[in-house]
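The chains carry the letters A, B, C, D, E and F, assigned in the order they are written, with residues numbered from 1 in each.
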């Protein structure tokens, strides 16, 4: 059984390789390489897998799940310029792919417990573009 | 090839273990333990897997799929207080997880045929919270 | 300038006139007259009108708007059986129309200030059905 | 007859009054006063009013409407840090209210023609928060 | 008090003036002038205005509203090629504007009663394009 | 890592087996067998799998992905009557299942590269009905 909780955070980012010229970055990243940054309302779906507890009928406490997502992702990233304020995005380019990896890295130790396991993340940059990630082992 | 049909039903429920005190239930289930019940517009996505029939180009007759979902799930659960009116929720706590299991139990014998097989269910309690279930064997 | 904030609450209700027979209620209200209640994820859009403050560029403090909606509507109605737990729905039938009127009655004194005025409410019972209300004067 | 076209742009902004202390700005604008900026996927609904041309059955050429919105709003604002790159937001605080006014100022001369008139704008900052504006005369 | 019900129908249409050359039609209507037709999932929001009945708390019987919309609009237009099968679109170009007018013409006599009045229609051709119509008097 | 891009196209189609009588087709396909055709706003989600390039942090160039989907699917199918204008639907019945297969056939050679692989398609005929396809090998 898998249970998924949706969260949202608004952040800005720049996608550019600091070792490249502005021209090269524009060629590879297009308008997202604008050094002043631009922003999105990111939508994050966190999917946890487990067997419902026979006593409660629940895979896990959903209030707790929400608290963990807020502590690890929403509170530190919401209303932030990722490249300047949220490590490791000072040195890792915050493409949607890399943000998903970082979210995974933050959530996995909190959600892999005796009864549950982080199964997958889905991160929407816009309504028409999202990435899915299930950890390195899954690749 | 998988084909998914979305349905909707409005129901109310209480999440509480009858063997526990109200305090303990409130601790575990929060506001959902309110004994008067509260409600949701549940959204149910039913996914059937099969190979399209070479003559019709269809995995299965979609009108038939809709009828089966209505007969087994929407008609008996829509506009009902699940705990009081829809067995087994008089004795099984109607968490989203347990509702998904019951929907699976009702639909599987109708949708596993020579050509098709119930592949997965997705049940939304709200826009931001859903469970996915593919039967016990899948766990 | 109008500013609209969306909120959500999950509640259950019964639509039936207590002075009528069950048959008559079923005729008028259909399945919504089921005395055990059924539920919805209500979506509420509150629209406030005003001129943006020249210093702040804002019609009103949005955090404050959210707090007021929570205090008056979401906190008392969320996860409740309206007919049994939220006056005046013990004596006023909680149709979507009547819930909208009660929400108006609760919000208007809080949102009609020197600079702002409650302009309209939109209340969705389901994605496909909503009412709009702008107070008695507007009718 | 009114016709509405939806567009989208992703931008970042800071809401802060430069004449105030960081503490005062934080008090008034909350997290949106973060000087590094944060971002949104803005959704813009532009509503034009007119009588359908008897020959074409159309209020206006929709391709032309889209071009005008792109030229005046989407192209200059998309993937930009509004405060730093899009006048007048170097001196006007880019609250959703003020962005709506600027969009109106840009679109009105293009859309008020012999046959059509800009009727209203709706600008969503998030799915749960939007402003509506119909020009100064309407206030 | 206004109450709005959403319906959906899938139809195909051609937008072209039969008195014009294909080149002229392509210039005015673009790809929508393709004589073979193309299709949409039209979404129709019908808004009825009235004062809730003091006995029932309802503006009108919603089942009845749905039946009327189905009889006048959904049943005759769903899964049809409007230009060939649904008068007056054999002689009136089925732009979204003209479809809205025809829907109004069909619904107004059914919904203007002692207690209710058809207030407005909203017709979506796509998620990003819709027209609103409130009858000739409103223009 | 999987990345998904959403596209949209509006087309019309007829679902009928030309070797059958109209009665038989109506029995099997219902209203979709209307020979004049009817239409939908199809929504297509294309999912590509790959490992993000360590230099760019991206699975693939998203502008390029969009161009390929436009060239192979949106440009040839948008605003078309599939049965008459888009091979192979002159001889293959354009059920949602068969359209998904054709989209796969067109996209796979373009998206299976040294670094990426077409992972899955999701094609919505309406909001409540979609198919998922991952190629023959996956069946």
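Here is the rule we go by: a residue touches a chain if its C-beta (ideal position, glycine included) is under 8 Å from a C-beta of that chain, and two chains touch if they have at least 3 such contacts.
Just so you know, these numbers come straight off a predicted model, no measurement behind them.
Asker: Work out which chains are contact partners of both subunit A and subunit D.
Answerer: Touches both subunit A and subunit D: nothing.
Asker: Looking at CA centres, what chain is most distant from subunit C?
Answerer: Relative to subunit C, the chain whose C-alpha centre sits farthest away is F.
Asker: Do subunit A and subunit F, two copies of one chain sequence, contact each other through the same residue numbers, with over half in common, or through different ones?
Answerer: different
Asker: Averaging only over C-alpha atoms, locate the centres of subunit E and subunit F and give their separation in whole Å.
Answerer: Using C-alpha averages as centres, the distance is 29 Å.
Asker: Measuring centre to centre with CA averages, how many angstrom lie between subunit A and subunit C?
Answerer: 34
Asker: Among all residues of subunit E, which ones touch two or more of the remaining chains?
Answerer: 127, in rising order.
Asker: Which of line, ring, star, complete or other matches the graph of chains that touch?
Answerer: Chain contacts: none of line, ring, star or complete; other.
Asker: Judged by the touch rule stated earlier, which pairs of chains are there in contact?
Answerer: The list of touching pairs comes to A-B, A-D, A-F, B-C, B-F, C-D, C-E, D-E, E-F.
Asker: Under the stated contact criterion, what part of subunit E meets subunit F in this complex?
Answerer: That would be residues 8, 10-13, 31-32, 34, 36-41, 78-81, 84-85, 126-127 of subunit E.
Asker: Under the definition above, what is the set of subunit D residues touching subunit E in their complex?
Answerer: Within the complex, subunit D touches subunit E at residues 1-7, 47, 51-52, 55-59, 61-63.
Asker: What residues on subunit B touch subunit A, complex-wise?
Answerer: My answer: residues 15, 17, 28-30, 92-98, 100-101, 127-133, 139.
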